[in-house]
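Okay, got some structures for you below.
In the two assemblies presented below, chain A is common to both, partnered first by chain B and then by chain C.
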Partner chain A sequence: MTDSDPQAGAGGADSTTVAVAKPAPVIDPSTVVAVHDVHKHYTLPRETLWRDPTLVHAVNGVTFTIEKGGSFGVVGESGCGKSTLARCVMGLETLTQGSVEFRGQNIHALPVEELRQLRRHFQMVFQDPFGSLDPRMKVARIVAEPIEALEDTKLDERRARVIEVLRAVGLKESDTDKYPHEFSGGQRQRIAIARALITRPALIVADEPVSALDVSVQAQVLNLLQDLQDEFGVTYLLISHDLAVVKFVCDEVAVMNEGVFVERGPTEEIFANPQHDYTKTLLAAVPQIGG
Partner chain B sequence: MEGQPSIWRRCLAHRSFVAGGSLTGVLVLTALVSLVWTPWNPIKQNLRERLVAPSWEHLLGTDQFGRDIFSIIMAGAQNSITVGVVSVSIGMTFGVALGLWASAKRGWTEELIMRASDFMYAFPAILLAIMLVATLGQGAINAIVAIGIFSIPVFARLTRGAANAIWAREFILAARAAGKGKLRITVEHVLPNIVSVLVVQITIQFALAILAEAALSFLGLGAQPPTPSWGRMLDETRSMIFINPWLAVYPGVAIAISVLGLNLLGDGLRDVIDPRLARKR
Partner chain C sequence: MTLLAVDNLTVTLNTVRGPARAVRNLSFELEKGQTLGIVGESGCGKSLTALAIMGLLPENGWADGTVKLAGENLLTYSEDQMCQVRGNRIGMVFQEPMTSLNPLHTVGRQIAEAMRLHRGVNKAEARTEVLRLLDMVGIPEPTKRINSYPHQLSGGQRQRVMIAMALSCGPELLIADEPTTALDVTIQKQILDLIRNLIEDLGMAMILISHNLGVIYQNVQDVIVMYGGARVESGPTHDVFANLSHPYSQGLFEAVPQIDDTKASRRRLRTIPGTVPELADLPAGCTFQDRCDYVTDACRPTQPPVVQIAAGHNVACLHVDAARKQWAAR
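Then we have the complex of A and B:
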């Protein structure tokens, strides 16, 4: 069921043709995540028996690396494949092609159990703060999910860590006994961030972490993300359809369109001097609030 | 208990819930009381007091063997409840497990389980129960098991459908990202989120089980004499139907009230439990 050869899927491990083998991505020790030529195609259920099923090329060859402590932003319109890319990086989807190396380990080639264990080092925050928390669990349980699944922590220590991390995201100890529906959207996203933070991961993938929130709350949550980076040295992969969000948080940006990166570079450069037509239209389409 | 005290108030404000709950309560209470007390011994025949008309002594009169009908009806509730509890437990345990398994595994495992369920579901259950009992031999236990087996596909299909909807939710993806395996997700996230759907189905299946048991007993395949059973009462009074039609009416009404009560309770529960999540979103 699981792949016994950890090199499989890394591409070109054929020993007889070493000379012409495709060069494996060079991993710098300070590189947290290296995404190499990732493709993800979905087969839609066929509409009629006679026609071939439709293929959706959600992600169509994406390559990038994020250095330790960096924050890499991906912007693009809705439906361009951002969330799919996030799930691929998180190892929540099988890849059609390519590799995702987390600290030099190809996560898609790892046996299920090893990948599961590795998950404590990379966590995710989802777009919908109403959908990503189980409505039947109390906050204490939700926030403790990763340590409950991945560590043998004693109950009292677990509780202490939950409270510690809740405080770090600006929530109170008394919030542990509440259900998600008792919170506002912004607070719920804080809960989700606390859950992602509790194992002290090296990487947090945030898929539109503020898109579902009111504009006034967005700034608070983004500030929180930045403060946490200063405090814990987390690396971010931040995904958004909102250029302002990415500009606010990220030091490097990639512009995504139809499953590929059309442009990539330091944030200021991209915003000051967009090279690609798609980036220009994207920039032009956004009213510059508080530029 | 769930941080929402108003759920009780909403229950009490719901008319079918109150009506169904009361009727079901009467059924359960009757069964409990009959364990320790009935006006007359429901089994003891008294050939000198056959077919006595209702009076203060015999509230519903006596049957052709001189037994007090009110007492038999009371004791018959025990039988109905036992059948309901045991057969629904069988159906629910296996059905829910199969449904959750299908939903967690997907692929051909799901396909196989669901096609097998459809296959069983497509047969008229009562006919198959009769067949099964005829093969296994008649008797209360076989009848209960047969009824239980035929509620397995109902629970399996329901569970699988509801579970698939839960698996598609984002908090499941979040749980996977948090490092939880399929078993853990099933137990910690999927099952708690489909309990409300299951509770409603349990009341409905309970009612169906009471009906099915009555049918089997009426055919002589269920509870054996002298165990008091509403279905068998109907059977025993068949020959008397033109002499004293009331004899058949009493157990019939008892069955009808129980089934009605459970169905109303199920309706009420569905309304009271389900919108809670919908409204809070």
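Then we have the complex of A and C:
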């Protein structure tokens, strides 16, 4: 008896042993990532021997897809589960329930080596441009790292790729021989983005990529994200607590609260005409200039 | 009546690269009950200005000029005298309440101590007063919370406790340095609304420091925009935002995405080329010269003149006319 035998479950005598397969989400060929009913629960260490350990429902049933070249934003306040969701999508966390399909492949079901190979197609950029770069490595190595592990590229070809992505993010060839501390916060975030780009990924997951930056520098990085999309058709999953940042970059947005999406839709529409009370509260709290 | 008069305040720091002027010739006045915002990107000298007023500069720094509180120059005060001023006459709230609260003591005890130190009230009176203050800053169930330790409170509640402490001695001036920067946007709104209402009810003056233009716009009557330790533009908040005139203020405004922008209206943000200069390398003349679209040789040798473009609206720029024209035509 196999799952592929449609008669087995219905006609068989012992139908209880047959797993009723949930319908797998239908993947459109232009879909880059499909997140289906993802749950991530953490067990906190028990405070006392007599009390049950606490379960944190960090992500509690989230579903969405991002099409090729799209930019999907997730906004919400601290602790609502944004970073956990990002790590789930990146395959950096096991899931409590649900699935994440990248170009039709369930990444959490892949063998380790296959996942490692697939990783070049989806890369992550973190908030902290200071913590995420190894201070002992020169920029050339930092940026080349993702391809070093994956590809058997020759040294000069690798160098050419490094220079290409550094240029794409507005840095110079001469920057390859410098260390991270020789750069400003915005430049370090550019280095992190260059590293994410070097594998020519289809998807970039960016978790609060501009939150640690001053506004004039933040503007440079936001413009860069737009340019990369225009030029290379990169797909984004952008996580931010800043509604204006998400509005600027994303064409679709989800508002997250306590592990779930309370509202989701085209950015302009959600911002112009929020339906959920939480979205309304969030929007009303943003201090605006004028009005 | 003038409550605070800061005149030609300069803060110098001894750094490994020699003395550096982190605040340069800053002057402003604050009336009783008036609210003033100081806005600018990190490193522009906002916190050092606040610390200089409160006599809390770091060991390697000193202040020149005058800081007069009701006519008395605080810069000539002894540490003992400044101790009396802080708490009694000037209250302070900082960005990260966790570092200013003692983790080992209950919040009730910490507020009471501040009060007993400065006001000489007895224990029972202090308790009644602490409960009143906790209630005033919107802490639910004050009789319970008075016994809480800082780590048992949320970030927003800790900031409310800090505000209660700052107000415990009925100061005439509150200095709030990035009081909501570490908080979520909905909590930020609650805390700012609370501060604004208390200030108004108690008739206090306030200096609110923030890097966030929206926070400044919504919460203060007057604003100073700082860059590289210097005031580049100042005036009544609504006038300044309606007629941004210094190239730096204009650039700052255009760099920030707004939630009421539409994708069609703004596909690119304006950026300010270059980076903030190192303190020790700050140029003579205008501090913004190396990043400014309007710079000419005349900007380099001497500090720019302060031009009044409307009542109370001042701009420190040689090319303010050109910058205004361009801005109006954008």
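Throughout what follows, the second predicted complex is superposed on the first by the 267 of 291 C-alpha atoms of A that agree within 3 Å, B and C clash if a C-alpha of one lies under 4 Å from a C-alpha of the other, contacts with A are read in each partner's own complex, and residues count from 1 in each chain.
FYI, a contact is a pair of C-beta atoms (placed from the backbone, for glycine too) under 8 Å apart; a residue touches a chain by one contact, two chains touch by 3 or more.
Since we're looking at a predicted model, the values are computed, not measured.
Novice: Should chain B and chain C be called a clash or a fit once both complexes are overlaid on chain A?
Specialist: fit
Novice: Could you tell me if A:Pro135 is touching chain B, chain C, both of them or neither one (first, second, both, neither)?
Specialist: first
Novice: Check the residue A:Arg120 against both partner chains and state whether it touches chain B (first), chain C (second), both, or neither.
Specialist: first
Novice: In the superposed arrangement, does A:Ala219 touch chain B (first), chain C (second), both or neither?
Specialist: second
Novice: Just to be sure I read the superposition right, which of the two partners does A:Ala285 touch: chain B = first, chain C = second, or both, or neither?
Specialist: second
Novice: Looking at the overlay, what does A:His241 touch: chain B (first), chain C (second), both, or neither?
Specialist: A:His241 contacts chain C only, not chain B.
Novice: Once the two complexes are overlaid, how big is the angle at chain A between chain B and chain C (Cα centres, nearest 10°)?
Specialist: Value: 80 degrees, nearest 10.
Novice: Give one of first, second, both or neither to describe whether A:Ile270 is in contact with chain B, with chain C, with both, or with none.
Specialist: A:Ile270 contacts neither chain B nor chain C.
Novice: Taking the superposed arrangement, what is the smallest distance in Å from a C-alpha atom of chain B to one of chain C?
Specialist: 12
Novice: In their complex, what parts of chain A are in touch with chain B?
Specialist: So the residues of chain A in touch with chain B come to 87, 90, 92, 116-117, 119-120, 123-124, 126-128, 130-137, 145-146, 149-150, 177-179, 181-182, 192, 195.
Novice: What part of chain A is in contact with chain C in the complex they form?
Specialist: Interface residues on the chain A side: 77-78, 184, 186, 214-220, 222-223, 226, 241, 243-245, 247-248, 251, 267-268, 271, 281-291.
Novice: Touching chain A in the complex: which residues of chain C?
Specialist: Touch list, chain C to chain A: 41-42, 184-186, 188-189, 192, 211-215, 217-219, 241, 251-253, 255-263, 266-272, 275-276.
Novice: In their complex, what parts of chain B are in touch with chain A?
Specialist: 2-3, 169-171, 173-181, 184, 188-189, 192-193, 277, 280-281
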